[in-house]
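Same chain, two partners: chain A is paired with chain B first, then with chain C.
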Partner chain A sequence: MLVLEAVSYRYAGAERPAIRQVSLTLDKGEVLGVVGPSEAGKTTLCLVASGLAPRAIRGAMDGRVLLDGADTTALPMHEMAARAGICFQHPQTQISGICGTVFEEIAFGPMNLGLQRDDVVVRTWDALDVLGITALAERDPMQLSGGQMQLVAIGGLLALRPAHLILDEPTAQLDPGGTRLVGECLARLAAGGASILITEQKTDLLERICGRVVVLEKGGIVAAGPTDEVLAAAGLAAMGVAAPSRVRVRRALAGAGFGDGAIMDALH
Partner chain B sequence: MIELRLEGLVHVYRDSTVRAVDGVDLQVGPGQRVAIVGQNGSGKTTLVRHLNGLLRPTEGRVLVDGSDAARLHVAQLARRVGLVFQDPDRQIFARSVRAEVEFGARNVGMDRADRNDAVSQALAATGLEGESDTNPYDLGDSRRKLLALASVLAMRTPVLVLDEPTTGQDVRGVEIVGSVIRAAHAEGRTVIAISHDMGFVAETFDRVVIMREGRIVLDGSPAGVFAQRAWSTLEETYLEPPFPSRVGARLGLDSTPTDEALIARLRERASDSVL
Partner chain C sequence: MVGPITLLATAVVLPAAAAGVLRRLLRTSMVLSLPIGISALLVNLFFFPGGSEVLLRLGPVTATREGLELALQVLARILAISGAITLFYLTTRPAELVVDLERRGVSPRLAFVANASVQTVPAMVDRASAIIAAQRARGLDTEGSIAQRARGLVPIVGPVIMGSIAEVEQRTMALEARGFTRPGRRTLLWHPADTGAERVARWLLVLTVPALLVARSAGWLDLLG
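Then we have the complex of A and B:
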């Protein structure tokens, strides 16, 4: 379980806090979606929730972040890293750059957890397999396309098998098939007890995998609740968030006078 | 007005054996709006980087207005084809937003008056008019991406090539990119864009080229490539039709890749049943 209690965060040198008074609870087995316009504070929320800020990224934090009840500022980094994993928005930030193959890159994290070699190998193949990238195992990570690199970054996180996963727009560069695979994979992990926090512009994906969604605007939470309610709210577009396709098409059809049962049924 | 033509294009990167582009023939007429879609790693970026000479073909030819791009000087190509990278940080370096946008316009040899006009217009089109003096690195990721777009717009090239312009953009950013493409089209410019957003593609482009493993597997209008008969090919290519297509198929309608098309087909059916 991950809890944020009235967390504000101001980067070193910044005039204003990037997030203000954010409180949220991420339960075991839950997928929580975070949406909001650009520069609303979504990435900062991820950095704070993962404990990287203020530990590795300088700034001033108010409030508390609790990981399974423990204050993250008091946890040693290696314990933090074993329990909560983060996937950055830009895979280039995540890829170590010191591994010659995709296989080694994905094995890099679990190797550092001090696991048995056989266990690392199994985890690595599992991660490659669920993301549909076993064919990339021998490729040089630095010579992949943007989307392939993003899948490798996600694979590296999955191989750590953390109890808490924090993902910052993990599918931004993925094709629709890759996006679907990542979604299915996250849903399976949550069903197995993982707690997942995910920011996304793709509300179609969040609609499929999240139980709850919060909307962030100018650093503060402006709406929160069950996914279907939040993503169907009339004011969502005004908050800078795209309605899921299903909601958008339903509105367009109803507006054109095609709101009857048979046509609406075709949306599901 | 410029015609682009790829003939038997093959590209193999140095130190690699993968044929990133594996025999592509493609002709893009002046003023066309073409989306290039396909699985991650299918060669889309490699392909478009040949259009402004960033990459040279391993085999085959790239013809820009009938001239072999390999024989054109970089500056000659830059005046014809503007390319916006997927990652803006690969092209941004100036200390202010306005200086960044001005750089390309200056390099293609615009005089001062034209340049001022082009820069102001590009900033307005991308919603950055209030940020002239801002340091590019004080902008968030998505606005830095719009800045990269503005820099290329200001060069007023007859051909615009955009590599994943909507990635990481929120609703407003996607609207800006869409209106930039529509405006460029209205001015008669050619627009070629890579995208994974099938809804955006169907609404914004006249032609969709689908790539798989370095080759073109489908090429046609949005209604054509997203029609039900093509769905198995899409699936093999890790793609899926836009949501309105799926709704239309369930209702037994012809290809309806956009909300507008879906409503139009429903209206036709309603008026048929009245008759």
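Then we have the complex of A and C:
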């Protein structure tokens, strides 16, 4: 279980903290979504949860990040990497750039951890299997499409077998095809019991895979609850976050005079 | 003359032929050596002091036989050196070299830098193409006079470099997120084979150098000319 306890984080040189007094819990097997306008602190939240802030990113942190009840402050970055894997928006910068094949790219993490070679190989094949990209094993990672590259990046994390996956707008830089590819894969992971924290602007994706959603605005949590409730709330559009298509269609129909009943059933 | 030519034959030409790269080696080596080879030839041929047997007179300069001998000797040495470098370059795959170095104890960080440097070039070329297209869409002149095109370099080179630098933070975070900062050696999936014969050959090569130095200073090699 990943817990953030009243975490505030201020980047070095910044006047105000990027997130203030944020508390949240990610249970084992839970998929938690985070929405909010730009500059709300979603990326900072991901960096703090994964341990990159303040280890790799200089800044001041208040509050605690706990993994299964234990404070993570003393854990070095490579130990955090094995517990909470983080994936970013841009597939190209997550590919190490030194691996000639997708297989080696996914094996990169376990290799860094110094595991036994057989273990590295098993983990890599497992990750390829789970993501359904075994066919890409011999390909050059730099020659893949955006969606495929993002899957390889996620595969590289899965090979570390972290207890939690943290995804910071994983489909932001992808075309619709890539978004669909990654979305389907995340849905499979979620159905398989993975523990995922995902920030996204594409609320359709969150609606599909998240059990709970948290709304972040100006560094603080302003709403939290079951996905359907939070994403259908009226104030979301005012913040600049588009509601899921289903919600927008329902509102449009309601505005045109079509009430509940048969149409709602059809939408569900 | 005997020395450099023997060296060329045994240490460069024969291994190149065995590796199947002889033609490429001769071509590349010749091209590389051409400028310095020609200047060395001409300088030594025509300006050798104290040469007695005259071969050719061209105005104020004279070509002598001693000059020709020295010129050919220098040329042979140049070819031996450039041939050896070219042979190394043609028969070594960077990825294999780096993996082997890492296996023998080079830090994974250095190995990463070595590998990444090779990969950076194609990535930068791709980025530069995209930037050129973007700037042309904004009116950059890429077909005008040399002066105009030279001025156009700044709006291309600037973004290429800035883009690469801006990426560094993202790349660093991605590497750390995959445990790159763990101290110590990392597991290697494979390494190039190192047979007993290769090891013997390596040691022979290493020992040949001091042996030749000793022979040289003892004067044994002077008999060969």
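Basically, the second predicted complex is superposed on the first by the 228 of 268 C-alpha atoms of A that agree within 3 Å, B and C clash if a C-alpha of one lies under 4 Å from a C-alpha of the other, contacts with A are read in each partner's own complex, and residues count from 1 in each chain.
Here, a contact is a pair of C-beta atoms (placed from the backbone, for glycine too) under 8 Å apart; a residue touches a chain by one contact, two chains touch by 3 or more.
Only a predicted model underlies this, so the values are computations on that prediction, with no experimental measurement involved.
Colleague: Output check: A:Gly192 vs chain B and chain C. Expected answer is one of first, second, both, neither. What do you get?
Modeller: Neither partner.
Colleague: Is A:Ala81 contacted by the first partner chain B, the second partner chain C, both or neither?
Modeller: The second partner, chain C, only.
Colleague: A:Gly13 contacts which: chain B (first), chain C (second), both, neither?
Modeller: After superposition on chain A, A:Gly13 lies in contact with neither partner.
Colleague: Using the superposition on chain A described above, determine whether A:Met142 touches chain B (first), chain C (second), both, or neither.
Modeller: second
Colleague: Touch check for A:Arg248: first (chain B), second (chain C), both, or neither?
Modeller: In the superposition, A:Arg248 contacts chain B only.
Colleague: Thinking of the overlay built on chain A, is A:Ala237 touched by chain B (first), by chain C (second), by both, or by neither?
Modeller: So A:Ala237 only meets chain B here.
Colleague: With the two structures laid over each other on chain A, which partner does A:Pro176 touch: chain B (first), chain C (second), both, or neither?
Modeller: The answer is first: A:Pro176 touches chain B but not chain C.
Colleague: Looking at chain A, which of its residues have contacts with both chain B and chain C?
Modeller: 90
Colleague: Can you list the residues on chain B that touch chain A in the complex?
Modeller: It is residues 13, 15-16, 18, 37-41, 44-45, 86-87, 140-143, 164, 167-174, 196, 198-199, 235, 237-240, 242-244, 247, 250-251, 259, 262-263, 266-267 of chain B that touch chain A.
Colleague: Show me the residue ranges of chain A that touch chain C in the complex, using the header's touch definition.
Modeller: Chain A reaches chain C through residues 47, 50, 52, 55-57, 76-78, 81-82, 85-86, 88, 90, 93-94, 96-98, 100, 104, 107-117, 120-121, 142, 153, 156-157, 160.
Colleague: Can you check the complex and tell me which residues of chain C touch chain A?
Modeller: Residues 95, 108, 112, 115-116, 119-120, 122-123, 167, 170-182, 184-189 of chain C touch chain A in their complex.
Colleague: Over in the complex, which chain A residues touch chain B? Could you list them?
Modeller: 36-39, 89-90, 92, 136, 139-140, 143-148, 150-151, 169, 172-180, 201, 204, 237, 240-242, 245-246, 248-249, 252-253, 256, 258, 262-263, 266-267
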